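Chains here go by letter, A, B and C, matching the order in which they are written, and residues are numbered from 1 within each.
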Amino acid sequence: MPLLRRYALIYREYVNNCVAEALSYRLHFVLLIVMDLLFYLSLLGGVDFLFQHLDQIGPWNRQAFLFFMAFMIAVEHLHMTFVSENFWAFSHDIRTGKLDFILLKPAAALFIVFFRAMRPATLLLGLFPWGLLGWYGSQLGLLWWQWLLLPPLVLLGLALLTSVEILISMSMFWLVESMGINFLRMQLQQLSRWPDFIYGYFAQKFFGLAVPVLLVGSAPVRFVLNPHDTSGLLWLLGLMGLSWLLTAFFWRRGLRAYESASS
Amino acid sequence: MIHATALSKNFRVYHKAPGFWGSVRSFWQRQYSDKPAVKAFDLEIGKGERVGLLGPNGAGKTTLMKMFTGIIVPSSGQLSVLGHQPHARSRDFRLRIALVMGQKSQLWWDIPAMDSFVLLQRYYEIEESTFRRRLNALVSLLDVAPLLQVHVRKLSLGERMKMELIACLLHQPELLFLDEPTIGLDLVAQRKIREFILEWQREYGTTVLLTSHYMADVDALCERIVLVLNGQKRFDGGIRSFESLLGRQKYVSVSFEQPVDTQSAVWQPHDPQWQADGLQVELRIDEAVLRETAMAIFRDFPVQSFSMEKLPIERVMHQLLQETEVL
Amino acid sequence: MAGTLKAEWHKWWATVVINWRRLLAYKLNFLLLVIGPVLVFFFIRYQVWAGIYRLEGVDTLQGYTFEQMLAYQVWVMIVGFLALGFNGMNLAEEIRLGRISSYLLYPFGFWPFQMASFLAFQGLQLLVATVTLLAVWAMGWVQLQPLALLQGFSLAACVGLFWFQANFVIGILAFWLEETWVLRVMLVTLSQFFSGALIPLELFPKALAQALHWLPFPYLTYMPVKVFMGTYTGSLWQAFAVLLLWTLLVFGLARVVWRQGIHNYTGAGI
């Protein structure tokens, strides 16, 4: 247990520092909340406008579709709060050689690199996605066990998304300037915001297996709506494990390629 | 070149109590205060002078530099540099100055330095032939020809600093500001940079204003020293008179064959700095009593070696910061 | 005077060139940056709209057949290429870290520097847009009409100018704010949605679509796209006039903000 405890303590300090930093820029703090809210609303608005002209898309009606959107927003909310800042910082650190400082610390460098920064302002907005999830869930008439499944499934979706993104970010070691990779990451997120059945056959296979971002939302939501449909979830777990193995491999290769730009 | 009268600059700072709750509280209410960085500063610098701006961290040196180059606006007072008001940042003014920053880079990080030089050639409207001539001269003086095509982020600190110098000198500024130009460099590189700047200055009669924490820089490059403490000018004069601020003293280093009595009355008036084992001592001795003191030391102690030089400027500075009442 | 004009031109051109060098210093990165919209188009826009039309078996959505919707989305991508740059992304950081000090010392202003950087990037984007457009045209997804192309490109260029200046204003707010990317992302999110870059304005609720015409948003994507498609029915002059008016407004704003900002600048740690 001391290992976990040690990392928990380190993480607490990260959170403390991030809170102190976030609160010292007041306007920025408020604007972040407004920005996220606008983003969520634009996502919902797009789907809502579409359904003013359609009754159903594939197997899902308006309620099911918006429930899916709410699920994705809940995943992205946690993603933005706890992970997303780190990817930008990582590319910056590689380019400027600041990664040196992290490599010197006596703690797992992968942990520091991808979990050191979080966004307290975004955390405050958590009520919104979970409220949405509750609202559309109740419209679908979810049962008690379905409600109980929601939080762990959101976390699972987040875990998969983060794992895939970390694996992709390993390429930053070789690319050095990685704004492009970060944009690619964001485009993959955008891709995952639509249910898998909307895509054509090859796109479904590719983004369900090779770069499995379609599993982030579709697999858990299918499972909630129909607990016999476990195949997606099993794929999710398997591919996530695989991505961890690959990340470990490429991390070591990447460090060998890291040049540590001069001071 | 530079006329400053009663120049002042205040910065606004806000205070936060430490810890999590301190952060939360400061979110709602903030306490600000004005921190004066430079207070009623007068300065005259003439053409071709080499002036060192000295002072501890936070004394206001960089703030002064920033005001002289027009990067920040003074809170009050008069300032004219090269006949211009710097913060108006007229084109003519910018064409005639340059600022070298030891801690910052103006070169483009991701491409070779040569590309940045070509850009600067355009910005400063330098003729192609003039540009080539100056560049070749600078490159051979600093011995960096093979590095021109290397990406800046792959250069060592010393190499990059040389490139920064080239970038600042291509347009032959009349007024050169050097903000800690040798910071972080090894001794050889420091000396090279110093020699280069000196040579350049002699050749073109450039006016140089330098800040540095390395007294060797100041010693080698400056003929005049301006001491800044807490935003105020505390000394302004030639480097020799700066050295004799503490009286006319010599710096003496003595080592002995065996440990000696460090408590002896001979040492006390001369600010002794002992090596722990009592085998070596460094002293500051007034020239008036130099002969008799030296003779006493030779007579009473087993002297192995004895060396004497004028007081290094580092010791002067160190001493002055402890006894500011001398000023 | 001719001499100084020439010198000015040299400065601009040198800035453009060095930006190209910098952008191409990391070629794969650059490729990912410019190719992003193309990926989004093929893997998301195309797939999603094809899915919607296929799954529902609908022929038209508010007057758009699938082919028209596809063409609409192609033109959205092209307008994005022509009008949206990345300037302003680094601007705030340059001010915050005090790196702007270098530009303050050069006898070449900060605004011209940013503008030249923008033009450099747009030049490359224009190339990408042309290639993409030709490819898509060869597949028969869009029709090209010379007059519509000319009008559309001019309108998109105006939109580009507007975006540049809007990003510039937001960027220099860094004189007061510690971070400005939030404002930029907000503006982009809002305008993506309300300019019809995601779904055409015809699909919006009536009242909202009408209200939007009082704001600059429809002029940023929807109108140029309709012009390119040759289905724009309103007055072209009006579109230009409104766009120019908004652009002038941000220009004026930038001037005021810059003057104030430079005066307050403290050059954090130079």
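The rule we apply is simple: a contact is a pair of C-beta atoms (placed from the backbone, for glycine too) under 8 Å apart; a residue touches a chain by one contact, two chains touch by 3 or more.
Note that the structure is a prediction, hence the values are computed from the model and not measured.
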Intersection of contact partners for subunit B and subunit C: A
Centroid-based (C-alpha) most distant chain relative to subunit A: B
Chain pair showing more contacts of the two, A-C and A-B: A-C
Cα-centroid distance, subunit A relative to subunit B, in whole angstrom: 50
Whole-Å gap between the CA centroids of subunit A and subunit C: 27
Numbers and ranges of subunit A residues touching at least 2 other chains: 177
Shared-contact residues (touching 2 or more other chains) in subunit B: 110
Interface hub residues of subunit C, defined as touching at least two other chains: 25-26
Subunit B contact footprint on subunit C (complex, rising order): 7, 10-11, 13-15, 17-18, 21-22, 25-26, 98-99, 101-102, 104-108, 263, 265-267, 269-270
Footprint of subunit A on subunit C - complex, ascending: 25-26, 28-33, 36, 39-40, 43-44, 47-48, 50-52, 55-56, 58, 61-62, 86, 89, 177-179, 182-183, 185-186, 189-190, 192-193, 198-199, 203-205
Footprint of subunit C on subunit A - complex, ascending: 25, 27-28, 31-32, 34-35, 38-39, 42, 45-46, 49-50, 52-54, 56-58, 175-181, 183-184, 187, 190-191, 194, 197-200, 203, 207
Subunit B - residues contacting subunit C, complex: 11, 62, 65-66, 69-73, 89, 91, 94-95, 97-99, 101, 103-104, 106, 108, 110-111, 115-116, 118-125, 151, 179
Residue ranges of subunit B touching subunit A (in the complex, touch as defined): 16, 20, 22-24, 26-27, 109-110, 153-157, 160, 184
